[in-house]
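Below you'll find the structures, each written out as structure tokens.
First chain A sits with chain B, and in the next complex the same chain sits with chain C.
After this line comes the complex of A and B, so read on.
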């Protein structure tokens, strides 16, 4: 079966975070948890020329991401029980009956996706809204995006223009080979860039 | 990122688990060099419950860390692939062998040759267990932990804590040891403190070179050098107490204090270690 994945068009995203809200709503998550995050990255500066005029190269861009359903996932690598696994369609999901809630997946994932829900007794994460997809629908985040900046489906069916996600604040795609394509915008900074800062730390940290 | 205290249960495990296991190195020395008579051996066998209890409390910490402890047996399905499974496998192998040794010893069915063999194997397994405790944190997506120094410091903590606990056990059992025993106790404890301090210290010194979108790793735990210092001081105090106790026929009261002090030092260092958690990107 084809590997499924997400696509994000940074040239369209306005940072409205409806995708986050839709994710939280559909999965009935508490306010402090979402399987999708929108990071606001800011950078640049103002400089004054000799004639007293000011110019700026300041910028803002958004990166919306959930689980990258990696080909080489760090979470499945460290999972001691095999509960964290890749489904036939390449979606990384949790077998809640096998999960012991040790939290290693949460520590290891460079995309910050799995989270141990102690009340449920196991890890929870983005499963690409598997039930919706099985009904022929798009994941909640994709459907909610008013700018049509998100897509989901077999990797070879995703919109053109995307490349394996390689923008800040995400890790270099060589680390886990994410099935997550991004169409970068003009302001996008490369992975590992320290020239930008996360402007909405209180929301996402 | 966090303060490290969110992993308190794991810190209890990585403090007491290797400490309980490491005590068998001192017990091995006590039986091989001390050659205790039958009565003394019996006392020492009874008091072997002490390191086993410490080991059990350590495992309880690991158990409490899980969100679904009742599924815990599932960890063995990841043996070979998951560093956590490997760690628990080695720890459980040690615990099972240690309990078998203890039961046989208490039952009086342990000829000296077999006792010696089992003790040497247990002492070696204690080192391997400590190493695997460190290895479990070497994940390529966590650059602050992904260093062999994570292993080195665990071996140091095991040796420092285990030696003090082992000689404390000897003290409770009132087993006579050869004249050089105090030097052996001091040397093993100091070696553990040195290895632990160097292992953790070099790791801390390398934090400047690591950063993610949030900060430099050196900013994660501002008091990290203090925490390392606390371990070193606790280790030195425990070593001194052990040496003094050894000169007084391994006075158990002093050694109990030494055990508490060294365990506190290791625990503080472990909390610091967990506070150094930093993802490769976020």
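After this line comes the complex of A and C, so read on.
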């Protein structure tokens, strides 16, 4: 079966977070937990001329991402029980009956994706809205995006123009081979860039 | 009740009625009816879950579809519009994060459940309320209405605007309908949002709304210049202007320049160029551009002489000639102040480098067409009337109005379907006052006159407001400038003698009411709403209640009917017993008389909603084709850069200190403008509409708080000087008050300016230290309004920001 994954067109995103809101609503997530995050990155500086006028080379860009459903996922490698696994369609998901809630997956994932839900006692994460996809629908986040910046499906069916995600604040794609393509925007910075910082840390913790 | 959707799908609807074909064949403006697809709504799933269609309408300009999955009387989750064409450029009324987060809001602990009254012996603002029966509440309201109107007359009755339920057919119209049967009430003119541009700029420039075209008119490769307009922050609907802008940018290769003190969401990923500007200085920027256009012979003189009044001596009205009063005189240094408005002069005020101003002038002159518009930010300063007019002059100078690819220099155009709201009958009282001045209308009453406060249709007010109705708003202690000033007036029961607050949730405003009533949310009752308030789409949302009313919440039409019974006018009020749902049907049927191609009401209810896109007009405006045969509704019949009406006002109106009314749109800083900063208050503090809320609606939704927090945006240079790090707790202080919030240290705001989202719910001990821990921006704003329109000057605030230790 084909490997499924996400596509994100950064040139269309406005950072509105409707994707995250729809995900939270559909999956009934508690406030402190989210499967999808929208990171705001910024860099550059300001300078003032002798006449008092301002110029700036600063920039801001958003990246929306959930689980990258990696080909070589860090979370499954560290899972002591095999609860964290790849499904037939390549979606990384949790077998909640086998999960012991140890949190190794949460520590290992460079995308910060699986989380241990302490109330449920096991890890939870984006499963690509498996139920919806099985019914022929798009994941909640994809269908919610007014700007059509998100897509989901077999990797070879995703819109052209995307490349394996390689923008800050994401890890280099060689680490886990994410099934997550990004069409970068003009402001996007490369993985590991030290010229930009996360500007909305409280919103993505 | 959940609608049974097993009988008719969207697909069968269109197939059976041929509505799509009818629209195409009859050649209406509709380019495509909302197209059904195989992804149409789900039917009953067999587990008791059903889909109920409703919508979100909270005065953002959108009316987004909410496809609600309901089970056992509870909302499980929301889908939005997934029934049209999902491809980029096609229209689906997809809800933004606000509508998508409706579930925690409907179930919020802040919801009002029962009628309440202020405990006897306590004063307004003490915050002590007790539950009462609906009968007691309604009897009290009716008897107070009778007592007060008998004592003071109906001019003492006032109904506030109702932002929280705008756009729906019902709004607060039931109160108007009821009171108009009982002698009427004094009314307002202008809204909080747009008073300065609507009443201080457009009438003197174009007469009536003229030349506004939506973003869809933008042509291949043209330049788009947006002054203080942020549709991707505030109008995020899938059929709204933020989407339109994104689409024309990508598909028409439009080049977008944003002039704003804050890097808004049009200039983040989407790559529009941001030109940071000092707030409140737009008129100076326009003057600097005008200087370059004039000195480089780039103005369209033929256009200015044919269509406009007041550009130069030649085009001045006869009685104003020979006095160096033209705009050209003002710009070139031969006007009243003898100062040449060079790009360097503009740079010193706007803090935009002179070379960038020069370049912008040439970019504008070289783009044909060129789309220049403004949002409502520039006009919300104390010099807002003038700023709005100045921005309108810019496209006029280069002849870029009145034709495809342009707009008026004002706000963007829209085209809604023409649905009427609940009729309110005839109000025998014609006196109107400017909306902003309602607290002054309580306090000062008959002291407010036509010449000192813009009272319309009378020399002045007869009496102060004594009976105040707040329905679906949070005006008293949140959305009105200077909460301390306002609530001091409200606390004094000798001024306003009765106050009703009727809302879905316990807002800070409830603490200033005598009776508080619990409303159904729009999603909990029948709701009929038109799309297209903010751009070119036409559509209808047919909202059905998600579940039976919970607790003792009741909707406004029925409640006003109960008041009508007590006041002896029920039959006239209800036209023989019509219900809210009956009115939805009747008003829709009236619309359909003119548009028979639309689905019937019952078909619409089963569809839930429909939206169709409107193709932009390709016609040149009639006034441009023949300005003599088709004059504008101004004093001169032309576009007025110089307004004779304003020249007259300068002779007769009494102004606040420091205010200026000018027949041409000159730059002046205005009260608490950029030149007013001091060592104590070194910053301009400007609020803005952010993504998490519309005004104060939804501002207590904790999900939205997390997604889009209220934070004070401060430039890193200023933050370092103030010793503030990102996320530090801070206080913002102005002469009016103090709020607490956290800092967002960001390059996205020009140095010298603090940007802070409006709408957070006020939370202060107003009989104690008055420090607002809820962080409502209006704790900081002032009562100084625009001189012509008396529109709000809330964006003109000076103050400071400090770290809160410990």
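The rule we apply is simple: the second predicted complex is superposed on the first by the 198 of 205 C-alpha atoms of A that agree within 3 Å, B and C clash if a C-alpha of one lies under 4 Å from a C-alpha of the other, contacts with A are read in each partner's own complex, and residues count from 1 in each chain.
We take it that a contact is a pair of C-beta atoms (placed from the backbone, for glycine too) under 8 Å apart; a residue touches a chain by one contact, two chains touch by 3 or more.
Remember, it's a predicted structure, so these values are computed and weren't measured experimentally.
After superposition onto chain A, partners chain B and chain C are found to sit side by side with no clash.
Contacts of A:122 after superposition: chain B is touched, whereas chain C is not reached. In the superposition on chain A, A:1 makes contact with neither chain B nor chain C. By the touch criterion defined above, A:134 reaches neither chain B nor chain C.
By the touch criterion defined above, A:20 lies against chain C but remains apart from chain B after alignment on the C-alpha atoms of chain A.
With both structures placed on the common chain, the touch criterion links A:148 to chain C but leaves chain B unconnected. One geometric descriptor of the composite model is the angle centred on chain A: between the Cα centres of chain B and chain C it reads 130 degrees, in steps of 10. Judged by the touch definition given at the top, the superposed model places A:61 against chain C, while chain B stays out of reach. For chain A, the partner that touches more of its residues is C, with chain B and chain C as the two candidates. Of the two partner chains placed by the overlay, neither chain B nor chain C lies in contact with A:50.
Closest CA pair between chain B and chain C after superposition: 12 Å apart. Common to the chain B and chain C interfaces on chain A are residues 201. By the touch criterion given at the top, residues 1, 65-69, 71-72, 74-75, 77-78, 81-85, 88, 139-142, 211-214, 277, 279-282 of chain B touch chain A in their complex.
Within the complex formed with chain C, the chain A residues making contact are 10-18, 20-22, 24-26, 28, 31, 42-46, 48-49, 51-56, 58-62, 136-138, 140, 143-148, 185-187, 199-203. Within the complex, the chain A residues that touch chain B are 74, 77-83, 97-104, 107-112, 116-118, 120-122, 168-171, 175-176, 191-192, 194, 197-198, 201, 205. Put simply, chain C touches chain A in their complex at residues 39, 77-80, 82, 86-88, 92, 94-97, 100-101, 103, 232-233, 236-238, 240, 242-243, 246, 250, 263, 265-271, 276, 344, 347-348, 350-354, 356, 691, 702-704, 706-709, 715-717, 726-727, 742, 744, 746-748, 750-751.
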